[in-house]
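Below you'll find the structure, written out as structure tokens, and then a few comments.
A, B, C and D are the chain letters, set down in written order, and residue numbers restart from 1 in every chain.
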Amino acid sequence: MPLSDSRYALLVIDMINDFEFSTGKELYPFALEAGKQISILKEKLKAKNIPIIYVNDNYGKWQSDFRHLVSHCVEQPVLGQPIAKMMCPNKEDYFILKPQFSGFFATPLDLLLTHLKVDTLILTGVTGNMCVLFTANDAYMREYKLIIPSDCIASETVDINDQSLQTMKKVLKADIRPSTELFK
Amino acid sequence: MPLSDSRYALLVIDMINDFEFSTGKELYPFALEAGKQISILKEKLKAKNIPIIYVNDNYGKWQSDFRHLVSHCVEQPVLGQPIAKMMCPNKEDYFILKPQFSGFFATPLDLLLTHLKVDTLILTGVTGNMCVLFTANDAYMREYKLIIPSDCIASETVDINDQSLQTMKKVLKADIRPSTELFK
Amino acid sequence: MPLSDSRYALLVIDMINDFEFSTGKELYPFALEAGKQISILKEKLKAKNIPIIYVNDNYGKWQSDFRHLVSHCVEQPVLGQPIAKMMCPNKEDYFILKPQFSGFFATPLDLLLTHLKVDTLILTGVTGNMCVLFTANDAYMREYKLIIPSDCIASETVDINDQSLQTMKKVLKADIRPSTELFK
Amino acid sequence: MPLSDSRYALLVIDMINDFEFSTGKELYPFALEAGKQISILKEKLKAKNIPIIYVNDNYGKWQSDFRHLVSHCVEQPVLGQPIAKMMCPNKEDYFILKPQFSGFFATPLDLLLTHLKVDTLILTGVTGNMCVLFTANDAYMREYKLIIPSDCIASETVDINDQSLQTMKKVLKADIRPSTELFK
């Protein structure tokens, strides 16, 4: 596959999440399925030394850390606990706290990617029509190439997810093949 | 004093710091003096419910948290330990990790200040001609009013510190009266 | 209507345009219809002293001016000439040249809106699923309220336009009533 | 000289200027001297196909163009007319309108430099302790290397100019040799 000249980073968006919000129950089963695929993909990419970046909501607060959010989701009996346990970040993983939908808005993400010499982003996580899409849009305007594996993003409904994938394929020229077909 | 219509925030810049860098020894005694004044000022401002924001270098990394930096400086026998112990952040304090000299560059600081409805920044910390000055410049361009108490910033030499204060007074119209004359 | 406490600005996106690009022919008739409605809306808003901001592509160049683009479209026999003539900017109108889809990306638009004390944007122009949508997304993250009159935006097909309007209504909470129902 | 692996751009800051402001008279003679050197340097760099970027204040307006500013300064009997005539931009030159001191703040300058594949900026213009310094600071944080020829910047007094040059040499590691020693 023609991915060989790129420098990649895997972005895992809003998966470390208690899912304790109004539409969390609808989203959760889809997120769990995506989470399983992301976990497999993450291991494959780690073996190739591709950096993993957790991009997470700071919930309008600047008083708590990402590590606290991880503890909250892993140790408390929240809806998102199984996902958080499954894809718990490692010491060498990066994280970005975002105050808004897009991982690029008012964060050092672009700077981090420049330092890592990344030109192609592999976007995964939730939700396909909100934080993933907004991050993808901003990435496209900053001229990153996009891989958004169709089995690694989730939204509240299958239709919304599919529509968002089609939009990202068409408008942002994203490669949306499932993760099983990538990095073989 | 004519400060009554403003909404303030206290920024404490790079004081949670191990000072284990080449010029740390020169800077440390001045930083310690400034730290004592900042601590007194911080208590005065806390009593008025003015938010405290720690603005700290992330040392080019996005893999560790501010709370880890605090632990490192408070618990390890580093040069900066006494200062870190003296001005250890509280639970309700905010923090911003900055990848560069200015607290505004590639961070959510401006967004946080907007949410807190702040229009006047009280800048303190180290060093007067680097991170404090760069943060002050960026604050000025974003139309924040500036209070930079002369006894609450430190640089490697008294001359450099004084020159920087005069620049911030002249170019940025900063109020540079010592903290003892403020918020009485 | 409950719009009375807001400060508005009308954004006219990419309508001063020669339409001499590959899909310009498909887009043109829809743009012309939208242009007629935008022109009527513009007069209504001007009578209320609401600022008009032309947001236009700089086509990757930083060597020519907006006024040159206006001349090019008004004076040359280009496909977009009738629209450019119909909605030619006035002296007191503002303009922003954008290097990317979003009017906010790498431009002073946010700063201009802050100076004008605007909290609600009326978005119009082309295309509904590209520059209008990207600008709307960025506006939403900056906490502007959005009015996107359904008869004042255009895309290459009616379906794409409708889908984009529904997305902006749902995700960005935009008011998408037609312009004829607004500012009566 | 070890400049050969870099891609340069010459920035000419605020020289297209009517100088009709309170301290314009003090600044003007220094600016005229600097302008002569910048003009010579500009020709030398143009011969090497190095891009020239005029960075100019938009005076808080987004209603007039750079070309109008050029006309205003070249055709009206303003104090800055001789400088504007001497260093009038050519068709192929770039320009950036800045709403604040720094050429990077709320402008597409960084994007333009990325497109031009520039890694080293040659900063010239006025004033040494305001727009030149603020632009230099922002350039340094974005990791551009800096050449700031001492004879090509001007401030209201020689002392202020020298102090600013020394600061940029020390803090920003700028090469401040006079233009006569560069690009031989």
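Following the convention adopted for this analysis, a residue touches a chain if its C-beta (ideal position, glycine included) is under 8 Å from a C-beta of that chain, and two chains touch if they have at least 3 such contacts.
Bear in mind that the values here come from a model prediction, so they are computed numbers and not experimental data.
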Provide the labels of all chains in contact with chain A and in contact with chain C. none
Any idea if chain B and chain D meet via the same residues, over half in common, or different ones? same
With chain centres defined as mean CA positions, report which chain is farthest from chain C. B
Between chain B and chain C, centroid-to-centroid distance (C-alpha), Å: 42
Whole-angstrom distance, CA centroid of chain A to CA centroid of chain B, is 34
Multi-partner residues in chain A (2 or more other chains touched) are none
Quick check: in the complex, which residue numbers of chain B touch chain A? 53, 58, 60, 62-63, 65-68, 91-96, 99, 106-108, 110-112, 115
Chain C - residues contacting chain A, complex: 100-102, 105, 129-130, 134, 137, 140-141, 163, 167, 171
